[in-house]
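Structures are listed in the sections that come next.
Both complexes below contain chain A, partnered by chain B and then by chain C.
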Partner chain A sequence: MLKSILICSLALVSLPSASQNEKGLQISIEQKARNSGWNSVYSKFKMILENPSGDKSVREMRLKTLEVDNDGDKSLIIFDRPNDVKGTVFLNHSHINDADEQWLYLPALKRTKAIASRNKSGPFVGSEFSFEDLSSFEVGKYQFTYLESDKIDGIEVFKVEQVPVDKFSGYQKRVAWIDASRYIPLKIEFYDRKGSPLKTLILSEYKLHLDKFWRAHTMQMNNHQTGKSTTLITENFEFNLDLSIQDFASRRLNKVR
Partner chain B sequence: MKCIVNSSYPLLALILIASPVWTFEIQGNLNLEQRHYVSAKEQQSEQYEATLSFAPELYYNHNDIEVNIKPNARINSMDDEKSGFYFKELNLAYTSNAHEFKVGINQVFWGVTESQHIIDIINQTDTLASVDFEQKMGQPMLQYTYYSEDSSLQVFLLPHFQKPKYASKKGRLRPILVVDPSLVQFESSKGKNRQDFALKYSSRLAGIDYSLHYFNGIQRTPILQYSAAHNALAPLHPNMEQVGIESQLVYENWLFKLEGYHRHSTHNYSAVTAGFEYTLIGVFDSFWDINLISEYQYDSRQDPSLAQGQNDLFLGARLTLNDLDGTTALVGLVQDLDDKDTVSGRLEISSRINDSWRWRVEGWLFQADSVDEITFFARKDDFLQFSIEYYF
Partner chain C sequence: MHKLVMNSITRPWTTILFTVVLILTSTMGAFQGFTWSIPFKNDYKVFFRDDNSYLNDFLNLQKTYTKSDNVAIVIAPNSGTVFSKDVLQAIGELTEQSWQFEHSTRVDSITNFQHSYAEQDTIIIEDLVPLDISLTEARIKQISQVALKEPQLVKSILAEDGSSTVVNITFTIPEADMTEAVPKIANATELVVNEFASRYPNIDFMLSGIVTMNNSFQDIAIADTATRIPAMLLLVLVLLSMLTRSVSASVISLFIIIVSVVTTIGIWGWLGGELSSPTTTAPIAILTLAVSDCVHVITSYIKQIRQGNAKSAAIEHSIKSNIRPIFLTSVTTAIGFLTMNFSDSPPFVDLGNLVAIGVMLAFWFTITLLPALMTLFPLEVSKKNRNYELMDLFASFVIRYYKRIFFITSIIMLSAIIQLPKNQLDDDFVEYFDKSVPFRAAANFMEANIAGMTTLELSFNSGKAEGINDPKFLAFIDQFQIWLSSLEYTDHINSITHTVKRLNMNMHGDDPSFYRLPESKEQVAQYILLLEMSLPIGLDTNNLLNVDKSATRVTVTFQDLTSNETLELENLIKTRFESLNSPYQLLIASPSLMFSHIGATNIMSMLEGSTTALVLISMLLILALRSVKIGLLSLIPNLTPAAVAFGVWALYSGEVGLGLSVVLGVTLGIIVDDTVHFLTRYQHARKELRYNAQDAIRYAFNVVGTALTTTTLILIAGFLVMATSSLQVNSEMGLMTAITISIALLIDFLFLPSLILLLSKSSKSGNLAVSNTIAEPNGKISKE
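Right after this comes the complex of A and B.
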């Protein structure tokens, strides 16, 4: 009797209940639903990379993203700064069930190269963001557990644990603080493959676009293990561009400007 | 009236931001290379060489019309033949949905492999610009491309052949006898103005990207014949017909690549380069990435004086540090499997100084003991090169 109570209580501590999983999933479905239907978006952003010693380096890029129904988004990143990578284009076709496909266009050689990297956990352009962090949020990419309700700066939030399904993910888990009324992430903690705290992302300067879509204009990523940080600042987002699947074709990367 | 002006200003501003009718861009780089040859050579004892090159790039577009201008200028301290000017691009393009027309001088890249580019034959290679043969000269052309959902068809009309450049007696990394460009001969009665033609179809089948091409034109690389009258090598450019293929498959961290051709020229022969690239992310518990590359090079011409890569193995690795300065290192080795004494190797390290400047160190070594080998002439041309590059 005592033994079975002990087992039961242990199970309660270590295993999330089905209702916690269900609630976590429902929050995430709502989060995705509220951020669907934007079709296409263009933004110009910069990343400020900083070392613990205070050395700074700036990257400037433009991002075009096309929403794809029932699959991951297609996105193009065009590099503007530093000057030696100006004109380089990075193309990603994100998929929910299959591996993402990636290409890099090198303007000096006029060559498009496929990238073979199932593992997207490496630093993107030397920043604290991995490509995995920048790719679109898809419900099918995680298993969810609702942890508790919390408050950030007086805002009611849901704390949700997100465990990546992809075995090539750089993380064991993420913990996201989701605004309980707007369903947008305000903070995400990342844990490395060994389960140690790795990075914290703070999303701020949220603005409402087209009366429907919230976008964070400032994203600050701090790496706790290295002391390095990256601040991603977006001046503006433009929606509903005249973009089609053809604009994201790997064979047409030499046309991208 | 005042009201109309006030309300139309934001609208006007919105139109200007949302739909730019034209754009103009300028960028480019200035590059100073200093090369130190390890040893003196019988014909040329000078061991130091400097090259200053300038490659600006202008781009203008107005609706569906684009203009690309990419001049390339170079001054060399050792060999006047290495100094010069040409356009990599000087063209006008029109795009309408699935159709693209381009007229003028242009550069296109064909191929997938890393160690050499045997099917990249539209443009002439600028063999004097770099030892890796990655630099191309512009080719005058009329280019039409049709894009469909998952494939493309390209048609090229190439009206004017670009002759290769050769090092003079003062230069290094050249045959023991120099090539005299004035002795050039063409098989075609129209000479360099023969109307060359090429087709390329690219698509995807079962996850494999592939391209098929047909080329009918002047052979880009010459056949060098000894001219006793001039005691020099005379370049001959025969006509050739070529069919070829390139294909690539991505599987997890693997990239499998193959390219090859069959050619009817002065005689018939085939060549293939095939291999893989494997990506390792975060090696040694760091942020470093390593790409391992291995490629096999085959050429059916068995005479070693005619071609490199007849039965050769390329092994290479690219290291990316993922640091603030974008530091990369590349190491590569080509081993002739028929002759263990014929090897060439390279090492290249490059990093950023700031937003506009980059440094690069390159080292090359060439080993060939047999006089019959095409690379025999370079056996004393091992060098170390330091470059400083300014980008704008």
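Right after this comes the complex of A and C.
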């Protein structure tokens, strides 16, 4: 799920022409293609929530993700800190065109519950990341428009507009700055349903894994409307784990460590 | 100063040129290029100083939890229930559309309420009225059953009987955009509501909420400025024409006062001042006060002409003979208004300073521009006048019956003053608005049908991070809530405990026996995590919990309470909390609490300020009148009018708020003026003219009686115009000022002379025969 969010570019100024749509789509397909085939990944990360007065709280989690062909990925989040939620497990089966399926295992109750909601636009555990921000990037989720070429810190980027297909999305659109050589997103702007700027995500400290896959070790999301921010710091990524579909089955949630 | 006056008469055009330059330079202060540059503050927080502790408590609470402003759209169907296909559809549409308002971050209504329930091993969380289902009879019935049992909805955004509801829109507005955003949002919401009202004629829509209220402050300020000021100018013109019987004199005076107002506002701009609802009354106050200066000069001038003096000599004399009293009264009035600097409410500090500047400018224009204009323009004077004979008759009446008058007025004054304690402090910000203001109507409707407008926010702090997970802490809050809800006025309580209990029930297959707090802190923490995973866009737990989860906020809504009741409640809650001897901390704050405190603290600081000013003014009077006795005597007519007026107010209304608390400052200077005018003439007659007490009193009546009556009438008229404002803070200030200065005049004309006569009786016996022989009004005036 945390596999980096790849983004497409898109333009604002004029009505998108067919060629701009085509170019946007091509960039996005390339982006998806270059980040496919990793099979499974494990990572340990920290989520730092900060409000405008500087009050902070930290959460620590582990994430296991399994790549699924032609559908959204499956992911498991195991909470380690704060202590009182240690051992809580969240399972997500994301889908391209359907609502995601979610389960939660609460160790204090020793129970697994499915959560049925159309809540992909809601915040993930009080952070500035919504569920849809964290779910895998799939070409089928958006309509793309290439906007222009740009530069970020001297790096050539494509600016791509991404309009969510799902009517339950919390966004009218996103604008992504995609590294023109590595095809990874460096920055994404989110616009709320009335089209006002809502959040900006900066992806940094990219490292190359298995000589193929770029992963951002720091992702900072700033909410412009509330002044709050969330920083996601990943210590390490491990690839090619021996994970199978069964490890992501809801009935086995109580056995996850 | 006399040289200045002579200059204005001999070289009027130079004076006019100089004045025009002064006016233009000042006025530029109010503009940047050609746009108005003095900012209007339309935030209710403007009533509080930056260092107001109740404001800061509230701001800290907003920093800790979610800071937001809201618009509440009240929906009242004529059918008497919101649970029908039509109405639910309207609410759904309105909810959807409301997300489109600029700066809106969250919309809450009964249709998008996140209803959670268990179905076997699944917890379903969905909109209570999903957009894409068909609303059958059965479904509507089911919705109404859920809604009317939901503690988060009932008496919060839904009437207990389901007859009305609210779509609540949360706005997150950056502080810097406030001034611009508020009217924009207000207009946009009004447009949408009007559109819905025409589409759904069987539903009443009303607008309430903080943004609506803030905008109403601004709307009223604009309406007041646009209608009251022209009305006031017209009234002044009419009154002046009647009193002076000279059109040109009236027009010249009108010009002087307009110039005074315009220049004042310009200088305010240069000083970097701000405007707010209370300060928009400044022009009316300045207008009114500036008139007196002109009236004094012009009545003198008329007398001079009637005595056969040449025009320029008459102008010179009328200015010169008035320059001292006008200066003195301008200074005392300014000091009076400057005492408003003691106020705890910045808009009234601003109002005081604005008027003080205006009064001094009016004095300046009266001694420079007025003689210049009088020289240049023809001034016709009608020969007849009866006022002076009336004044003489009145003086005779007072002198003859002074004992009885003293007795009767003393009784009346005392019986009014003993009513003083009956006044109750009350600052209800809803009642700041007249019933004709739509916001007030909506707020009253909500109060009567859904929930009260008095809220208190209680922040309970456990003292350690993640402390809210402790079941003991939650149980403490739960117990405290049970006690809170047992209070007579409690309407609604919003707290985390209800949510935790509901989740516990959901996790146990919706078994109602599990609607209770869990036993372990892990369970609490995991339920809250579940909650955090299920909240919709625009919501997080931060409106209930602080970031490190050491503290939680409980919002309690009460029925409409007066300031005193709110303060008692605050005390009651604090006492109760302390008696429980818990290891936790409690902070209480809310706008209701801020407004409840401001009236009381403001009255105390205004009393302090006014007392200081009175001491200053009395010393000034002792010096100016060169008599300790008269100076001390002046304290009585200076002090009593406000006391009597507040006694009368106790009988009329008895509710004292922010607007009334500044009346002391507003009236102080004006009251002192009347006393100064009367006593200087009396003293002049005693000392310079060697009159006895009776004759000196008659002399004083003859010389200033008419002018004082005239100016008081104009002042009363002016402040009564202010009293028509739809903003109670302004209207009560106007009304009370009018009452106070009328009482002041009565005291100066009845009580003061009879007191003087009574006191002088013991030293010297009066001689009525002599006084009658020198009672020729014209004779007295010529000696002035």
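Convention: the second predicted complex is superposed on the first by the 243 of 257 C-alpha atoms of A that agree within 3 Å, B and C clash if a C-alpha of one lies under 4 Å from a C-alpha of the other, contacts with A are read in each partner's own complex, and residues count from 1 in each chain.
As a working rule, a contact is a pair of C-beta atoms (placed from the backbone, for glycine too) under 8 Å apart; a residue touches a chain by one contact, two chains touch by 3 or more.
None of the values given here were measured: they were computed from a predicted structure.
Enquirer: After the alignment on chain A, I want to confirm one thing: do chain B and chain C clash, or do they fit together?
Expert: clash
Enquirer: When the two structures are overlaid on chain A, which partner does A:151 contact: first (chain B), second (chain C), both, or neither?
Expert: neither
Enquirer: After lining up the shared chain so the two structures overlap, which partner does A:114 touch, if you call chain B first and chain C second: first, second, both or neither?
Expert: In the superposed model, A:114 contacts both chain B and chain C.
Enquirer: Pick one for A:249: touches chain B only (first), chain C only (second), both, or neither.
Expert: first
Enquirer: Counting only touches as set out at the top, which of chain B and chain C does A:55 meet: first, second, both, neither?
Expert: A:55 sits against chain B and chain C alike.
Enquirer: Going by the contact rule set out at the top, does A:182 touch chain B (first), chain C (second), both, or neither?
Expert: Neither: A:182 stays clear of chain B and chain C.
Enquirer: Using the touch definition from the top, say if A:257 reaches chain B (first), chain C (second), both or neither.
Expert: After superposing on A, A:257 lies in contact with chain B but is clear of chain C.
Enquirer: For A:90, decide between first (touching chain B), second (touching chain C), both and neither.
Expert: Only chain C; A:90 stays clear of chain B.
Enquirer: Of the two partner chains, chain B (first) and chain C (second), which one does A:99 touch, if any: first, second, both, or neither?
Expert: A:99: touches chain B, not chain C.
Enquirer: Regarding the shared-chain residue A:196, is it in contact with chain B (first), chain C (second), both, or neither?
Expert: So A:196 only meets chain C here.
Enquirer: To test your reading of the overlay: chain C has the stretches 235-243, 505-513 or 559-567, and exactly one clashes with chain B. Name it.
Expert: 505-513
Enquirer: Looking at chain A, which of its residues have contacts with both chain B and chain C?
Expert: Dual-contact residues (chain A): 49, 51, 55, 57, 82-85, 109, 111, 114-119, 121-123, 125-126, 170.
Enquirer: In the complex, go through chain A and note every residue touching chain B.
Expert: Going through chain A, the ones touching chain B are 49, 51, 55, 57-58, 81-87, 99, 101, 109-111, 114-119, 121-123, 125-126, 168, 170, 238, 245-246, 249, 251-252, 255, 257.
Enquirer: Give the list of chain A residues in touch with chain C in this complex.
Expert: Answer in residue numbers: 49-53, 55-57, 79, 82-85, 88, 90, 102, 104, 106-109, 111-119, 121-126, 130, 170, 193-194, 196, 225-226.
Enquirer: Show which residues of chain B lie in contact with chain A when the two form their complex.
Expert: Checking each residue of chain B against chain A gives 18, 23, 25, 27, 29, 59, 61, 95, 97-98, 100, 107-109, 134, 147, 149, 151-152, 202, 209, 248, 250-255, 277-279, 281-282, 287, 289, 322-326, 352, 354-356, 358, 389, 391-392.
Enquirer: Residue numbers of chain C touching chain A in their complex, please.
Expert: Interface residues on chain C, with respect to chain A: 63-64, 66, 99-105, 121-126, 172, 465-466, 469, 507, 518, 520-527, 529-530, 532-537, 539-542, 546-549.
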